[in-house]
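Some structures to go through are shown next.
You will see subunit A twice below: alongside subunit B first, and alongside subunit C after that.
And then the complex of A and B:
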């Protein structure tokens, strides 16, 4: 009784299982690949010991580890931003993409692809920095839509209205992307499509040095918002009557979500369903809407699911790698349907 | 009432959604410590607007509202939450949490950034639950509660908020009769036990007359205040609510359809049997007229055995139920 907002005793087992599962999936994730490296060597490499084959260390440290870390950051970031959106909009189907942030990023990338074509395929000449251009374009597009949504947020009182405005921005930018595609060549559409497949494997350490602190900052900021988020569960009127400064909280939530989802989309492309699905899974297994529990659980669960999706995407034992966005959608969509059917309704 | 017990006061308050279309103007109202006041009035008269304005959910158009001597214009949302708590009609989705967690949310304005509860907070939460009689719901999920239980939990949350004034906007609107009575009497007891001031808007006139020490009666002309009995006896209630088709019976405190007397009847009897016989007769269009010598009805109650004796110009008929009587009276001649 004295631990009202403390995590329940009966859930202790989950707090042991989830981190263990995360560790197991992390090790599985980095031990899979076209080159077979024994697990004890992987662990040696990770803890800084030298192993007999330099190439192994190179593969693990330069390729697999950044990829697994990216997967964890993407899973954690998208899940937490989904959770925040669902609470802010009191809508179980809200996600980081509903505000139009992904569509904005897509627009940036589509414009970039079209522009480079006009200048005679600059992308092919600038080589690796093309990757950075993509990130910049996506960030710019996401940021633009974010600014518009923020302007709207200062004018509209109602979160539901804001949600619809976000959807409209998303639809509008989506439509512009379609028009751009219509006037684009096969090659342009192809390179745009490849970006929309999403990827957690494209980041180098230099990029992770930027990616990691931004996502960590977003996650910490989300955790600091847990008290007003809990009050928001009762609706804006009740929250306000209990002393929540609605406007500033709403602003903070939108900024945190946009930073998380915008950065992830910029670096890794659109990755669907993680933001919607993971918070529901966490609510279900922890049987609570308390954000103190849900934020930590979403970080763990999001990382686990993203690592798992990445393992599936690599099609262990084959030469192919599936688009990560397709895997998350194929796994996520049925989970959402299953949750709805099982619970008859879903709640925030 | 002595002045030191004054809690909330409005001075020339105008309320509404925009300056040029105020709904009610020049309101000078006051609330005293520990009293329960019911705000009555027709739909659309501005009850909700008034409550929202008093709780600063909506801006004041002009005039001022002060609580504990301080203008609410000068109090920020966080400080105001320590002075005024709110309960709404409710019945919307509120996520998955235990009843006690919801009640504990009431401590919001008193806790730090993380919302961590101190020993004292937990004491207050438990006390709020016992005052509202919901300890037994403590570990139940709010999604599993009935409307009545959930509303009590919401009220307990407002109690835990530990404000001087509790404002409830039609808290019983979605509840069944039992729960309405229970919730209203619970609020009355709360005001008595905790010396908190409670302001309730409601359409339950009956219950408002039973529980409130004073009424705020909202009409287009403004808000009249007074004890329920005074407002009934001086005809204010009747003027506020009566229409062409319905009138207010001062004797019973009930609204009745104004009946067209097609027939009259001389009814004698006592107590409940008299009351319900009259009720049945009026429903069938009979007015009670003690001058009628041709049609006389006497109802007698012998320890629960009721008999009706009908005297039509000296010819006697007896009945053992109201239904038999009505069948006979309404039979085509």
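And then the complex of A and C:
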């Protein structure tokens, strides 16, 4: 009896600690950067007071705030889509990108950057239409692969088969990207590579105005799927017997994941490991597989970890910055290994 | 220095075997063409009996390989110098170049007719080269992934002028394997604009046109130095920043980059001049914004053609004073029809043009008659 009570109590504490941690990291994130701005000035800027250096207000409001918000949306979106994929495929190593969404987005960007060689300087090409062309290309590529996966989903019964099909789509698109790279100039390969580094600082308010509603929509949709997701954990047959329409749930889960992961990849490039790592962390610290808890926890945890990774990427105090994708991988991979070693096994 | 002595010993060892009557010709040769390299640090020339020795000690950053060429006149006896020295028979009659920066060298030396092939020709901006290309006098040797070796073999030029970064993209090894001598051109490693322009003397050696190369370089050098003197008279020092964002990173030319040298020589103040990097600094947006938001000029930002384009890419660029005051200049005024940029081709040989442009931008009153050549003001 007391054990159950202890678990409940520790969970309540977690629900206080995590949002607090998120707030602290959010403030830390926007107060650290290449330029030193005192904390009280930052608070003044955030509550709308004027500070003596208007450059500081610009740095906070036009640069660090959108960056921190992007980090939160990316962390939350990727973690939740990772959770959905792990449940759908009942595979602990599934992430938001197993369906080939990243590969599809990469293909779109690669086609744009690498195959437009005949138009002359690609940077001119991208320059004329802003970052939107890149976003469109990535969304188009992700959407194309998603459509193929959806067609496959209506034809195969087994989620495992679907997983393999997704991986194959990924390999095939990866191969096309390689061929494109082979025929591209160093400059083009470089601008493609820069996209693969990932970026959370590239979004301005104009882009966040689109990014934010899409991610919120995806997160709400995921939350609404919590009950059928719980049923899926017990096996597709069992879920069926409980009256869950497997096919339509599978369809919905794939759509939500694609919207989340596809949009994030389109705006920020591929960002590794967050989607795989965070759901495991949440399962471990909350010791549950209930999706009601896990989805909210993934949103909080994902945001926290992304903010933290971004702080590291900014190398506070130095003028230099690291690619965000490298930081998430460096941090994510050891966490997965640690979880496996700690639990001796890994489950969904 | 000791390298010179080594060659002296080799000269003594091998030279003594030959008859000594030839000895005066060395003296005569080195007196008549004292090929002094004043600015370029990337190659050395030594004169020996019957041949010249050209050495590129570092063809790329951190290169451990030294490239040494013995330039022997066609028909003359080939000296015995060992495997490390490549023999090039001069003057060369056919050449394949691999970088657009090699092309103005041939053009200025009047040797463009020797150019028989070039890879990825769409990057060429020179009208003279484009005309020859259209007439089929220059063969396209493969596109992006580099030189097509089979096509090169079929063309069999006497030499290939190549460059290397010391990575997997380098082609010179596979070209050498098929028996075509490769001249490594390390002009991009030069740290000063005049040093880079002086590579015309390097090219001149292979065509037997040292004197011509010398006078071309002297003309460029004199123009550059007199422009520099004019700029030194300016009373103000406008501040300048450069570069643009790729992903989250602002690539800012370092303080020892040629871009920084041009700004300084044109009487401006480059905001990252204290820095000791010759390549590019990778900075976060906010550190650039903090340091450069009140700067007078933003000069050189990739391929942007208009202020609108810049704003569409990232509206945060517009919070810089230079942008608000429309003091934004880019180096893409002269473009080939397929997108080749003359600044990245002829610009390396004509630092005097670049400097004149820079002075015109920063201190228009000092050069009232000059019209911008490589640079244009973005609107």
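As a convention for this text, the second predicted complex is superposed on the first by the 332 of 348 C-alpha atoms of A that agree within 3 Å, B and C clash if a C-alpha of one lies under 4 Å from a C-alpha of the other, contacts with A are read in each partner's own complex, and residues count from 1 in each chain.
In this section, contacts are C-beta pairs under 8 Å (C-beta built on N, C-alpha and C of every residue); 3 or more make two chains touch, one makes a residue touch a chain.
Please read these numbers as outputs of a predicted model, since none were measured by experiment.
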- Consider subunit A as the common anchor and indicate whether subunit B and subunit C clash or fit when overlaid. fit
- Thinking of the overlay built on chain A, is A:233 touched by subunit B (first), by subunit C (second), by both, or by neither? first
- Please indicate which partner A:241 is in contact with in the superposed arrangement: first for subunit B, second for subunit C, both, or neither. first
- Item | Greater residue coverage of subunit A in the superposed arrangement, subunit B or subunit C | C
- Message: Which partner chains sit in contact with A:90 here, subunit B, subunit C, both or neither? Use first/second/both/neither.
- Response: first
- Query: Can A:191 be said to touch subunit B (first), subunit C (second), both, or neither?
  - Reply: second
- Message: Contacts for A:224 in the overlay, against subunit B (first) and subunit C (second): which applies, first, second, both or neither?
- Response: first
- Of the two partner chains, subunit B (first) and subunit C (second), which one does A:62 touch, if any: first, second, both, or neither? second
- Roughly what angle, nearest 10 degrees, sits at the C-alpha centre of subunit A between those of subunit B and subunit C? 140
- Does the superposition put A:34 against subunit B (first), subunit C (second), both, or neither? second
- Query: Can A:287 be said to touch subunit B (first), subunit C (second), both, or neither?
  - Reply: first
- Gap in Å between nearest CA atoms once subunit C and subunit B share a frame through chain A: 39
- Message: For a test of understanding, state which residues of subunit C touch subunit A in their complex under the given definition.
- Response: 120, 122, 143-145, 169, 245-249, 281-287, 289-290, 293, 302-305, 309-310, 312-316, 319, 338-339, 341
- For subunit A, which residues are in contact with subunit B within the complex? 1-2, 4-5, 90, 224, 226-227, 230-231, 233-235, 237-238, 240-245, 283, 287-290, 292, 347-348
- Touching residues on subunit A, where the partner in the complex is subunit C: 33-35, 55, 58-59, 62-64, 117, 119-121, 123-124, 126-131, 182-186, 188, 191, 194-195, 197-202, 204, 206, 269, 313-314, 319-321, 323-324
- Mind listing the subunit B positions that touch subunit A in their complex? 55, 57, 77-82, 84-86, 88, 92-97, 100-102, 104-106, 108-109, 111, 113-117, 119, 122, 125-126, 138, 141, 143, 161
